[in-house]
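Two complexes follow with chain A in common, the first pairing it with chain B and the second with chain C.
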Partner chain A sequence: MKLLLKQKEFSVLAIILIITVILSFVSPVFLTVQNWLDIIEGNTVIGILAIGMTLIIITSDIDVSVAALTTAVTVSIGYLFQFLPDNWSSVVLIFLIAPLIGMLLGAFNGLLVSRIKIPAIVVTLGTLNIFSGLVLYITNGNYINSTNFPDSFLAFSNIEMAGIPILIYLFALVAFGTWFILKYTLIGRSVLAIGGNAQSSVRVGINFEKVKMFVFSYMGFLGGIAAIAQTSYTSAIDPNGLAGMELTVIAAVVLGGANIHGGRGSIPGTLLGVLLLAIMQNGMILARIDVFWQNVVTGAIIVIAVSYDEINHRRNQEKLSNIDVKEAS
Partner chain B sequence: MNAKLSKESILGLIAIGIFVGMSLFTPRFFSSSNLSNMMFQLPEFGLIALGMMVVIITGGIDLSITYIAAFSGVGAALMMTNGFGILPAIIVGILFALACGAFNGIVVSRIGVPPILVTLGTMVLFEGVILAITSGNAISGFPDAYSLIGNGYYMGIIPLSLLILLFFIILTGILLNKSTWGRRVYMYGSNDTATLFSGVKNSKVLMKVYLYASLLAAVSAIIMTSRYNSVKVDLGSSYLLQSVAAAVLGGTNIHGGYGKVMGTIYAVLIFQFIRNGLNLMGAHSSLVDVVIGAILIVVLTFNFFSDKFSRKKAENTPEKAA
Partner chain C sequence: MKKLWLSMTVVFFGLILLAGCVSEESAGSGNSGSSDGETSGSSGEGESSSGESGSDDGNTDIAVVPKLVGIPYFNASETGAEQAGEDLGVNVEYTGPTEADAAAQVKVIEDLISQGMDTIAVAPNDPASVEPVLKKAKEQGINVMDWDTPADKELVDLSVKQVDDEEFGRHMAEKLVEAMGTEDGKIAILTGGLSAANLNLWIEAAKKEFNENYPNIEIVSEKIPTEEKQQVAYQKTLDLLKSYPDLDGVLAVSTPAPLGAAQAVQEQGVQDEVSVVGSALPTDSEPFLEDGSLDTAVLWNPKKLGYLTVALGKMLAEGEMPEDGQQIENVGEITVKDDGKTVIMGPPQDFTKENASDFDF
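== the complex of A and B ==
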């Protein structure tokens, strides 16, 4: 029990519970199954991207190009739709091609970070400019609506199983898959090892460059899946629709307990971080709080959460060093 | 020993090269109206880039810098639209910015949260505060005299705002290179533990870094609001990532410890020439972003290979000597 209480995820969960209790008094709509399904479905894109970002932040890097990368894939999907037939094979094809495009774009980031050793924030800043600039140049900033979409894709978007929209299953699959990779595969353990201590992990034989390459490519891969989710959720392609979302994604990961120093971070934590941001936004709308105050609350919560985390982290470090001193004397 | 040019001088030569190239191949680039246009656009971006550079030298980053600028602009605008004079308005604008900078500084230096996280949070926070104050509307209608700051000339040739930029270039250069604080900024950036153990109060140094960055943001905001004669929540927000790019292209080490004022200024000039030249050539405005992103990556890739090459050379020479 003590172990559970000490976990970072627990404090996020506690905050979520408190907000839930408050909001369910404020608005009777809040604590309904339909509202929660809406919240989760609406945050599938952020959630999928946040899962990929978790791996990058665990290895103490950052990727600010995610939103631009995802938009680039959505636009590619939009162009592909013109050539795809109107049957189910096009849905399958999209699920093959979109993640592949994303992975290639992510691998480009990964290559520059791992081989050329340019700091990740600089690389992804550059690719953010390149991706979004090209997208706006090609589309001219114009919206592509669903008239060109294959009917099968539109049908896919509307699938519900047991009353739960298909996107939520997709989200769950991504979350579970990534959790599995982190927990049970060699590459996943290497990600955590490099985050924990890059030098020692290289000494025990982990290929640093390969792992960096993996986390950025995997981010791109998930960007491709997020692009499908975005296209299916909005039934349209908006070249500006995701602008600035990278910061929300990073905020969600950080709220979930991943630390930019690296080494810490988990999929459940990130999911809670996404959920916390999501219910806050939803709750503030339901509570009829002025839209303009929502950013103030979100910003304040981010600052408080990271400060609290840092203070806790430092206290633990001090405790550890105390033990060392006592044992030595 | 052949005289080797510093990284910054090479960048300066590139800037001159681009300027000459653009003048030769782009009609109207080297016209007096276009040149004065560029001189008016430079200061606001240059000031923010300088502020960003100082923060990056400490190994940090300030993602909230453009919202600090917008907040300070809103402060000054509210004073003026409520009938106060220009001077009190400017002072209030600067105080607004310093308050934001102090907030960043306290969280970074006292609590020790990584700057990228703090400023990510405060960026959303400040944006929210501005939205709550302005309800997302633009504030406009400033006294005529105020518009002189961003649009006026000194002695009929040099834009006033360019002189302000020059003043802050020199000031930043002197502060970083000659003052105790400036030397400590570099020390902190290259090794904060060693700096602490040599008796430097790190938290004070950091605090001043964030205050100085916010001061530059405020000055930039005053120039921008005066030039546009209005202020909105997204005032200067396009300069955020560009200023990081300019600092890095200017040779500032993103991990801290190195960075020169002139490098950043040359990078700002390069961006300005390219943006302006491409616009005159009729290129799509989003292509400019692509070019800037590509330059950033290409230059750093080039740096990597030239470093590798010179290291190999250095490894080989001793063997030959022996």
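== the complex of A and C ==
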């Protein structure tokens, strides 16, 4: 079983290693600490959202409203900035309020999915439109630049510890926390169980509704944190800045070995998926590849990674069923 | 329990629908049609025009359709269009899709046709897909014009352009060279998307300017797409700065791109080494203009563009055509091209550290 787990992430890791080797030959800048810090910091928002999405995809659901939800929270942050005092308490307040708003919005998704049992894709497509419609109605699409931000928040976004930007610590904390929840808590194990086989897990006594409610609220919670990250990363609030991001997030999760039908997926895998997409984006310019080819190369690598993973997975499944048959006979 | 949830959701969505209806009603007044004296609410109605298509209340109705509503640029042109409506005594209906979606825009135009407009001005998301619906409008005797982005030339009665594309591209190139302070350096070009026609025209013109007048300027890579997003432009500029440490300038076309490029320059503290020039709105770019991370933002005045569109729409409805060099009040002198129907609002406008705070868009 352990071997299987390793192999799940192996394909992405192998491709990342190959690309890294190639790119470091092509561009001397690629394999520098600064470049990698830039890559990770630049993908913190996608990464945090992808971590939340992993839980949802494990339970064989999907949430396409993440980008809209995150935007809704960023806009709320922008409004809060007008009322917050210019000292550190406002940063603390933002860290309390933003995840809370996100969690409420996520819980709304969860409520519709778990109680009324509407398929998640329908629910979140609806809420995607509700959230983004409300955001556009309220803000009229207006961009807010950093002149309206409290200085303490700007100072917060520029904090570096041991040369590493604060956002990366935030990202690491979210990743570790979620990994821990998934691995060592009852609710985390229930998430995996429901994804593996919903019916038998309910028979064992797992509360299906509670778990669904949890994954969607948790997604919202992380959306709130991602909103803080996005606001501090761009030092601006753009109601259109995350449009279409949900596809990248889902792509990263699937690349990381999660099965869209549920049951399979891990935090390390998702992190690798995010990293793969990120270094491809970064490497294309560093390697001075012609822009028109960049999309082709990106697409090709995704197809290779996913099919390699899928073939591997199937082979393992076949092996497993072989053993079953032999033992039975 | 389940029933309770169901009914609660039904009530919730019902409320949303209701809210939608209310705002729709207030937006769509003027056209509510046959009913009696209700429409007199709109101000400045005295100047009843001789518009040929029989609109219900005898007032000139001009519809202005942007690519999408809810972004700062088109909000600014909305302000201008509505100002013109008040000044000139015409009804202005400024409405468009909430996303830059060609099909949704066609539906908006369909609705406007059935409301009986005198003039419809469209900034098409996709010129080909609005063609049939514009034809339909023409058949019903509605004057058709395009603004901001050209539609099929054969179809429209008038075409309003903010600037001459060629002039605009060349102007940005010149500004960049000026900001760099050298005619001998390396630059990179960022764009919103590879398929955006007007951005491509500007980039082509800028390249021509570099080729003809500044042959020692080297463009380090093909134009780089930034998905119309600031954070993408920011990341790509960081990558560019690493990959080409001797970069002297960035030309960023599309409104979020210069902001992202300037943010990267600001954060790396290379304001003096790398110049950034691009097309952006002044209020958005103010924090970057202030410390020189963005040298010049070049654009036009979108408010004036909205104003001009309505002014010309009114002329069309009254059967007049604009002339070359004509003065339009609150806009300035316009240029009419040789084909007699392409109107150019004026030269591009520069927003710099000194004047950026004078504008409110």
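What we mean here is this: the second predicted complex is superposed on the first by the 323 of 329 C-alpha atoms of A that agree within 3 Å, B and C clash if a C-alpha of one lies under 4 Å from a C-alpha of the other, contacts with A are read in each partner's own complex, and residues count from 1 in each chain.
Definition applied: a residue touches a chain if its C-beta (ideal position, glycine included) is under 8 Å from a C-beta of that chain, and two chains touch if they have at least 3 such contacts.
Quantities reported herein were computed from a predicted structural model and do not represent experimental measurements.
*Asks:* Could you tell me whether chain B and chain C fit or clash when both sit on chain A in the superposition?
*Replies:* clash
*Asks:* Considering only touches as defined above, state whether A:254 meets chain B (first), chain C (second), both or neither.
*Replies:* The first partner, chain B, only.
*Asks:* Please work out whether A:86 is in contact with chain B alone, chain C alone, both, or neither, and reply first, second, both or neither.
*Replies:* neither
*Asks:* Touch check for A:311: first (chain B), second (chain C), both, or neither?
*Replies:* So A:311 only meets chain B here.
*Asks:* Just chain B (first), just chain C (second), both, or neither: which does A:136 touch?
*Replies:* It touches chain B and chain C both.
*Asks:* Name the contact category of A:112: first (chain B only), second (chain C only), both, or neither.
*Replies:* both
*Asks:* Touching A:285 in the superposition: chain B (first), chain C (second), both, neither?
*Replies:* Only chain C; A:285 stays clear of chain B.
*Asks:* In the superposed arrangement, does A:42 touch chain B (first), chain C (second), both or neither?
*Replies:* second
*Asks:* Kindly classify A:241 by the partners it touches after superposition: chain B alone (first), chain C alone (second), both, or neither?
*Replies:* second
*Asks:* Does chain B (first) or chain C (second) touch A:125, or do both, or does neither?
*Replies:* first
*Asks:* Please identify the positions on chain A that touch both chain B and chain C, taking each partner from its own complex.
*Replies:* 112, 116, 130, 132-133, 136-137, 141, 290-292
*Asks:* So in the complex, the part of chain C that touches chain A is made up of which residues?
*Replies:* Its residues touching chain A are 2, 5-6, 9, 16, 69-72, 74-75, 98, 194, 221-225, 227-231, 234-236, 238-240, 242-243, 256, 259, 263, 283-284, 286-287.
*Asks:* Could you list, by residue number, the parts of chain A that touch chain B in their complex?
*Replies:* Residues 62, 64, 112, 116-119, 121-123, 125-130, 132-137, 141, 247, 250-251, 254, 260-261, 290-300, 302-303, 306-307, 309-311, 314.
*Asks:* What does chain A use to touch chain C in their complex?
*Replies:* 27, 29, 32, 34-35, 38, 42, 45, 111-112, 115-116, 130, 132-133, 136-137, 139-143, 145-147, 230, 233-236, 238-241, 243-244, 281-282, 285-286, 288, 290-292
*Asks:* Write out the stretch or stretches of chain B touching chain A in their complex.
*Replies:* 61, 63, 107, 111-114, 116-118, 120-129, 131-132, 135-136, 241, 244-245, 248, 254-255, 284, 286-294, 296-297, 300-301, 304
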